[in-house]
Amino acid sequence: MGMWIGRNRKARVTYGFDEIALVPGRVTINPNELDITFRLPRKEAEPLELKIPILASAMDGVVDVRFAIAMSRLGGLAVLNLEGVQTRYKNPQEDLIAGRVRQIKDGGVLAAVSSIPQRAAEFGRIAQEAGADVFVVQSTVSTARHISSEYKSLDLGKFCREMRIPVIVGNTVGYDVTFEIMECGPAAVLVGVGPGAACTSRGVLGLGVPQVTATVDCAAARDAYFKKTSRYVPIITDGGMSRGGDVCKALACGADAVMVGSAFAKAQEAPGCGYHWGMATPHANLPRGTRIKVGTTGSLKQILFGPAEVDDGSQNLVGAITTCMGNVGARSIAEFQQTEIIIAPSIKTEGKLFQTVQSVGMGTS
Amino acid sequence: MGMWIGRNRKARVTYGFDEIALVPGRVTINPNELDITFRLPRKEAEPLELKIPILASAMDGVVDVRFAIAMSRLGGLAVLNLEGVQTRYKNPQEDLIAGRVRQIKDGGVLAAVSSIPQRAAEFGRIAQEAGADVFVVQSTVSTARHISSEYKSLDLGKFCREMRIPVIVGNTVGYDVTFEIMECGPAAVLVGVGPGAACTSRGVLGLGVPQVTATVDCAAARDAYFKKTSRYVPIITDGGMSRGGDVCKALACGADAVMVGSAFAKAQEAPGCGYHWGMATPHANLPRGTRIKVGTTGSLKQILFGPAEVDDGSQNLVGAITTCMGNVGARSIAEFQQTEIIIAPSIKTEGKLFQTVQSVGMGTS
Amino acid sequence: MGMWIGRNRKARVTYGFDEIALVPGRVTINPNELDITFRLPRKEAEPLELKIPILASAMDGVVDVRFAIAMSRLGGLAVLNLEGVQTRYKNPQEDLIAGRVRQIKDGGVLAAVSSIPQRAAEFGRIAQEAGADVFVVQSTVSTARHISSEYKSLDLGKFCREMRIPVIVGNTVGYDVTFEIMECGPAAVLVGVGPGAACTSRGVLGLGVPQVTATVDCAAARDAYFKKTSRYVPIITDGGMSRGGDVCKALACGADAVMVGSAFAKAQEAPGCGYHWGMATPHANLPRGTRIKVGTTGSLKQILFGPAEVDDGSQNLVGAITTCMGNVGARSIAEFQQTEIIIAPSIKTEGKLFQTVQSVGMGTS
Amino acid sequence: MGMWIGRNRKARVTYGFDEIALVPGRVTINPNELDITFRLPRKEAEPLELKIPILASAMDGVVDVRFAIAMSRLGGLAVLNLEGVQTRYKNPQEDLIAGRVRQIKDGGVLAAVSSIPQRAAEFGRIAQEAGADVFVVQSTVSTARHISSEYKSLDLGKFCREMRIPVIVGNTVGYDVTFEIMECGPAAVLVGVGPGAACTSRGVLGLGVPQVTATVDCAAARDAYFKKTSRYVPIITDGGMSRGGDVCKALACGADAVMVGSAFAKAQEAPGCGYHWGMATPHANLPRGTRIKVGTTGSLKQILFGPAEVDDGSQNLVGAITTCMGNVGARSIAEFQQTEIIIAPSIKTEGKLFQTVQSVGMGTS
C-alpha cells in the first residue's frame, strides 16, 4: 500500500470527492420509501433523532439564531459558533451565550453550540445550563493528546464524562487518531482536515487529507471501536461538499451525517446575506478567512428539499440523497455506506451541456 | 483489481473517452470497403438493418417527426420521446401518440418512440398499434428489479414478451445488471449512466460510470449472455460522445451502435433551433435540464457524412468511423470492437494548432 | 503490463512529452564538445550527414524553396510537399516538380520532397530524376500492408528497392508495424500518429499514440531490426514538439532526429507569413486543416541557434539539445538516447515566474 | 519501481509539492514550544545557527546588501549573487566584491555570497578575505565531475578543502550525484533542478526532477553519507516553493532548510521593487530570465512572521512551519522530516472559498 515518492520513502494515494463516483445498484428502490434518519447518542436517554443527516457548520456567515431554528424545523441541526460575532460584542459572555441558547430553544427546537477546545470547559458548562442539546468542540486538528508546557490542554475524556449533553468532537482524520478520540467518550466525531477548496490548510500549511480517504479511514475506526465496545460513535464528514453529489459520496464512503457550510451561506436565512467567510482566530499572526460572495440562491428549504432552481447540485441536497440511494438500492444510511465506489476521472462541466436527472429505476417517480 | 481509497476499502479505476485512444493497426483498409451496418433483432423476422450504427437521442431539442424521417432516410434511427413536447399539449394521449407514429411512418421510414418505464405498458401498446417499429424504455438507471410499495413497477420481462416490436431498454452500466436485463428479453440495451459532461448525475447525485468502462463491462455481459443463450443482444452506448473520436472509441470498446444527442442538436433539422435541453421530469422537486445554446452548424447529412466545415470532430461522424476503421484495419463493427486501446493522457486543444486528418494507409483515399 | 479498463479488457498506459522529464547525469559535459550529427543511410554511398538532427515538416506554411535552402544551409533538412501549393497551380506536374527540385538544388543544398503513397511511384521518379536527394512517402498511418479492391496500393518494398535516393516512410507507431516497414527497405521511418495538440486525429478519429511511447516503441523496433540485419534505420519523431524541451525528450526517448512543423512556421523565412495550417486532402468529405496564426517571432537561424528572444522554449532548439546533452552527460545522440527518464507531473507555467537556464556543470559555459 | 513508458523502457514516477499533502499527527504540540533552528557546519568551529531554516535565493531582484542585513537580523540568511548587478558595474571586481561583503558585515550580521563554478576559485578567495561567512557555488546542474577540453573545470574537492568558511554547493538532484558531491566536502548541498513553475529548465531543456522526489532522494544520500562518515551535510531545498505549505512539505520530505526566491521578491526590502527575474547568463545565445511583476505585498518581517494580510500562503512562512509542526506533532526539524506524507489530488483554489487556519490541537493558540 503506497507509492514510492523517492528513495526509501512511500506515500499512500488518497482520494477526494472529485476523484470518485458511485455505481448504480442491481436493485433500485422508490426514493420515497427510504430512511435517512441520523441518530446522535445521548447519555441515559434515547438518541437525538435528526430527520435528515445534515448539519450546518458553526460559521458566522451561516448560522445565527434564526437560521438555527429554521434548520432544526426542517429536520437538520445547525451549530452556533460561540466564538463568532453572535456572542462577541457583549459582556459578560455567560449571559450572552446563555441568551443565544435560550433564543434557539424558544424556537421549540434543538440547540447546538460550539467552541474551540481551550474555551470548551467554560462555555460547555454555560451552554448546558442554558439548555443546549448538543455541544461541539472544534479545532482544525484534534487529537486525544496535546503537548504544551505553556498552558493547560483540554482533558477531552474528563470533559466528555462531565457533560450531560452529547459532545461532538473534531476535526480529525486517520484511523488511529479517531479511535483514540472515540475512547475519550464523545457522542460523535467530525471528520476532515483541509478538505480542498473550502480551506487553506493545504496551501498555507501543506496539511490535509482528502475527504474520501479521511471518511473511509474514520469509518473503519468507528466500526472497529464499535466492535470492541458495542458503542456506536457516528462520524460526521465536515467540509469540501458543495454539491448534492459530494454529500452522497461522503455518506457512501461511510459517514453517518455531513456538515455543510458554503451551500447554506447561499440561503435566504443565512446571516451572511450572500457572503461567506471562515472563522476568525484570536491569534493575530495567523492568516484569517477571506470574505467571499456566494450569492443568495434560494430559501433554506429549497436548498434542502428543492425544487432546485439551479442545476449545479447546490440545491435539493436531501432529494439528491434519496434519489441516489434509490438508484444504488440502499434503504438506509447504513446500507448506503456499502455502495460500490469507483475511481473515475473528474468531470469538467464548464460550458458543457447539462441534462436532467430523471426518474429512478422502473417505477413511477 | 482496484486501488485502496482508504482503510479496508478498494475501488476500481474506471475510464472515460478522454482517457483513452485507439492504436493504428498492422494492416490498413480502404475505408470505402467496410461494413458498418447495425442489426437490431426482431421476433420472428429478419433484423432491422440500419446502414449506420448511430441513433439519435429521445430529446425534445433533437428529435421531432421531421428529424426522425430525415435521420431514417440517411440510414440511422431517431427516437421520438413520447413524454416530451411532441405529445404533451393534446388529449387524449392515445390519439397524439398514434398520430406522431403515423406521421413518421408516412415518411416511409422506421419509427422509434420512447417512454419512461411507468408509462411503457400503456404507451408501448399504443405505439405498436400505430405501427411503430421500435419501442424504447428509458430511465436514468434501469435494473431488472425495482422495489416499491407505493406503486406497481414495470415488469420488464412481461413487457418484452408481450411486445411484438423490438424493445430497447436502458440505461444501465455494469456486467451483472446488464446480464439480468438481457434475461428479460429486450432487443438491445442502452449503456450509460452519468457519462460526464452531458449529464448532471455525477455532480447532483455523485452517480455514474465513465463510458469506456461502462461499455467494456456491458459488452462482456452481452458476450457472456450470447455464449449462454446464443441470443445476441446488441448494446448501444448512449451519452458523452460529442465528437467522431468519441463515437469511434465507444465502438472500439465494444458497442454495437451509439446514441448521440447534442451533436444532432446542432443540425438544421433539429427542432431545438440551435438549443439543446434535457428531458423534463414530472417530479417538480428534482433538478431540471438547462437550455443550452449549441448553435446550428450544418445539415444532418453534413453532421453524419460531411463535408465537415468545422474541425472539432462534430461533423462527418460516419466518415470518422470508416476512416478510423480503415486505419485500425477493421472490416466490420465486430472487428472494430477488437481494436487495441491505450490509456493516453488527455489532449488539450485550446488555442493549439489543428492539422488535417489525411489519407489512410498506403492507398488512394 | 496494462491496466484493466473494464471487465476482461486491459490497456497499456502511454505517455506524451508533458508527462515526462529528463534527469541530470552524474557527469556533465561542455556543450560545445558534443556531436549531434544525424546520418541518413544511402544506397552504395556514404550517409547524408545533417549537422543538426532536425527536419522541417512537409507543410505549405513552413517549407517552400527559399525556406528549404535556408534550412539546409543551417545544417538541417526541410521537406517540400509535392502535393501542396508549391506544385499545385501548374501543369504538367512533371515540369513543376522537377522545377522545384532544381530550384532547391540551385541553392547548392540537399533537396527533400514528399508525397502521399498513392502518388509516390510517379512523383518519386520525377523528383529523383530532377536531382532530389531524399524522397519522403507520408500518410497519417502507414503500414506495410494496405487492403483495397478499389485501387492498387503502393508496393512499399518495390518502391524502396527501385529508388536510388533514400526513401523516408511514415508515419507509424508501434513495434510490429515499424519493424515490418523497416523490412520494406526505407532509409528512415517517421514516428507519430496523432501526437496531441498538433493534430486532430485523436479528437476526430479517436486515433493516436502519445509520442513518448511511440518513440520508445519504434526505437525498440529499430534496435531489434538492426540486431537482426545489421542495417540501422534511423527513426525521426514527427509532431507534437513545440519547444526545445520536447525535442530533447524525443531524442532521449530514442529518436535519431526530429521533424518539426509549427516552431518553423514562426520563422521569417516561412512562406506562411506567421500562419500555419495542415496539409489539405483531396477527399472533399474529410475534415481539413485550420489556418492558425502563430506569428513571426524571429529568423530561422534564431529559432535553431538563438539568441532566444522568447522564453517559452520555441527558439534556440539546437542550444536546447546541446545544453541538455551537456547536463545529462551525453556526448552523442546515441548516448543521449540512454538518458534516464522520469514520469513527472506536468508543469503549469501560465502566469508563473520564469527563470534563466544557466550554465552547465562545474565548467565555464 | 517504475512504470513502462514503452517497449523495454521504464521510468520512475516522481512527485512535486502539488501532488502531496502532510498528515496530522496522533499528538499535537503547542507551536510556541518548537525548535526550528538550522545549523550549518563549519570547519573547526561551532556550526552557524540560523533561527529559522530559510535562505533567500541569490537573485538580483531579491537580495542586495540592505535585504541581506534585514534577512539575517530576522534569523535567516540571504545570499548575494556576486555575478549580478550588485557587483557588475565597477572594476576591479575584487574591490567591489570585498566592498559588498563588508557592507553586509557592517550590519553586524552573517554575510553569504555566491558565484558560478567557473568563478568560484577567484571570488571565493576574495569574499573569504573580505569577511564573508558563507560561500555558495551554484549552477543549474552540479556534479562532482565535469568534462571539458576547452577549459579547466572547478575542482570542487580542492575548493572545499581550501576554503575556511562553509561552502554550499548546488544545485543537484539524485542520490548518487548528491553522495558524490558530499564526498567533495561542502558544508551543505542545494537541492533542485527545474522544480516546476519557477524555472524554464523543464520547458526549454526537458530537464528537471520534481522537488518532492528530489528532496527525498537527496535526504537519503545525506543520511547514507552520515552513516558512512558521521559527517552530517544538511540539504537545502531550493526552488518551487511559493507558499508556506510548500516550505512545510520540503522540510517534511527531508530538507534541513529551504531556499526561497519569488516569495521574497514581494518584500518591501527587495531591490526588485515588486519585480522578479532570473539570473542573467553571460552566454548570449541561451534564453534569459523574464522580468515578472510579483508586486510588493508587505515587509520581509511580515512575509516571514506575519501577520499575514493575504490568504494565499505567501506570508508568515515561519508561522506556517510552526503551526504545521504543531499539527503533525514534531518538536524539531529532524522530527518534522519524519512526517507522514500522502499523495493527494491537487487542490484548485481559483474562485473558491477560503477558510481560516485555526488553532492547533486541544490547546490555546
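Letters A, B, C and D mark the chains as written, and numbering starts fresh at 1 in each.
The rule is simple: a contact is a pair of C-beta atoms (placed from the backbone, for glycine too) under 8 Å apart; a residue touches a chain by one contact, two chains touch by 3 or more.
Note that the structure is predicted; figures quoted are calculated from it, not measured.
Asks: Overlay chain A and chain B by their C-alpha atoms and let me know the rotation angle in degrees, rounded to the nearest 5.
Replies: 90
Asks: Would you identify the chain whose Cα-based centre sits farthest away from the centre of chain C?
Replies: Of all the other chains, the one whose centre lies farthest from chain C is A.
Asks: If more than half of the interface residue numbers appear on both sides, call it same; otherwise different. Which is it for chain C and chain D?
Replies: Answer different: the two copies use largely distinct residue numbers here.
Asks: How many angstrom lie between the CA centroids of chain B and chain C, rounded to a whole number?
Replies: Chain centres of chain B and chain C, defined by C-alpha means, are spaced 39 Å apart.
Asks: Measuring centre to centre with CA averages, how many angstrom lie between chain A and chain C?
Replies: 56
Asks: Using the touch definition from the top, which residues of chain B touch two or more other chains?
Replies: 12-15, 213
Asks: Which chains touch, pair by pair?
Replies: The set of touching chain pairs is A-B, A-D, B-C, C-D.
Asks: If you look only at chain D, which of its residues touch chain A in the complex?
Replies: Residues of chain D touching chain A: 1, 12-15, 17, 20-30, 32-33, 175, 212-217, 219-221, 243-249, 252-254, 305-308, 310-313, 315-316, 319-320, 323-324, 327-329, 341-345, 347-349, 352-365.
Asks: Note which residues of chain A are touching chain D in the complex, please.
Replies: So the residues of chain A touching chain D come out as 3-9, 11-16, 18-19, 116-118, 139-151, 153-154, 156, 172-174, 176-177, 180, 193-194, 196-210, 213, 262, 276-290, 292, 294.
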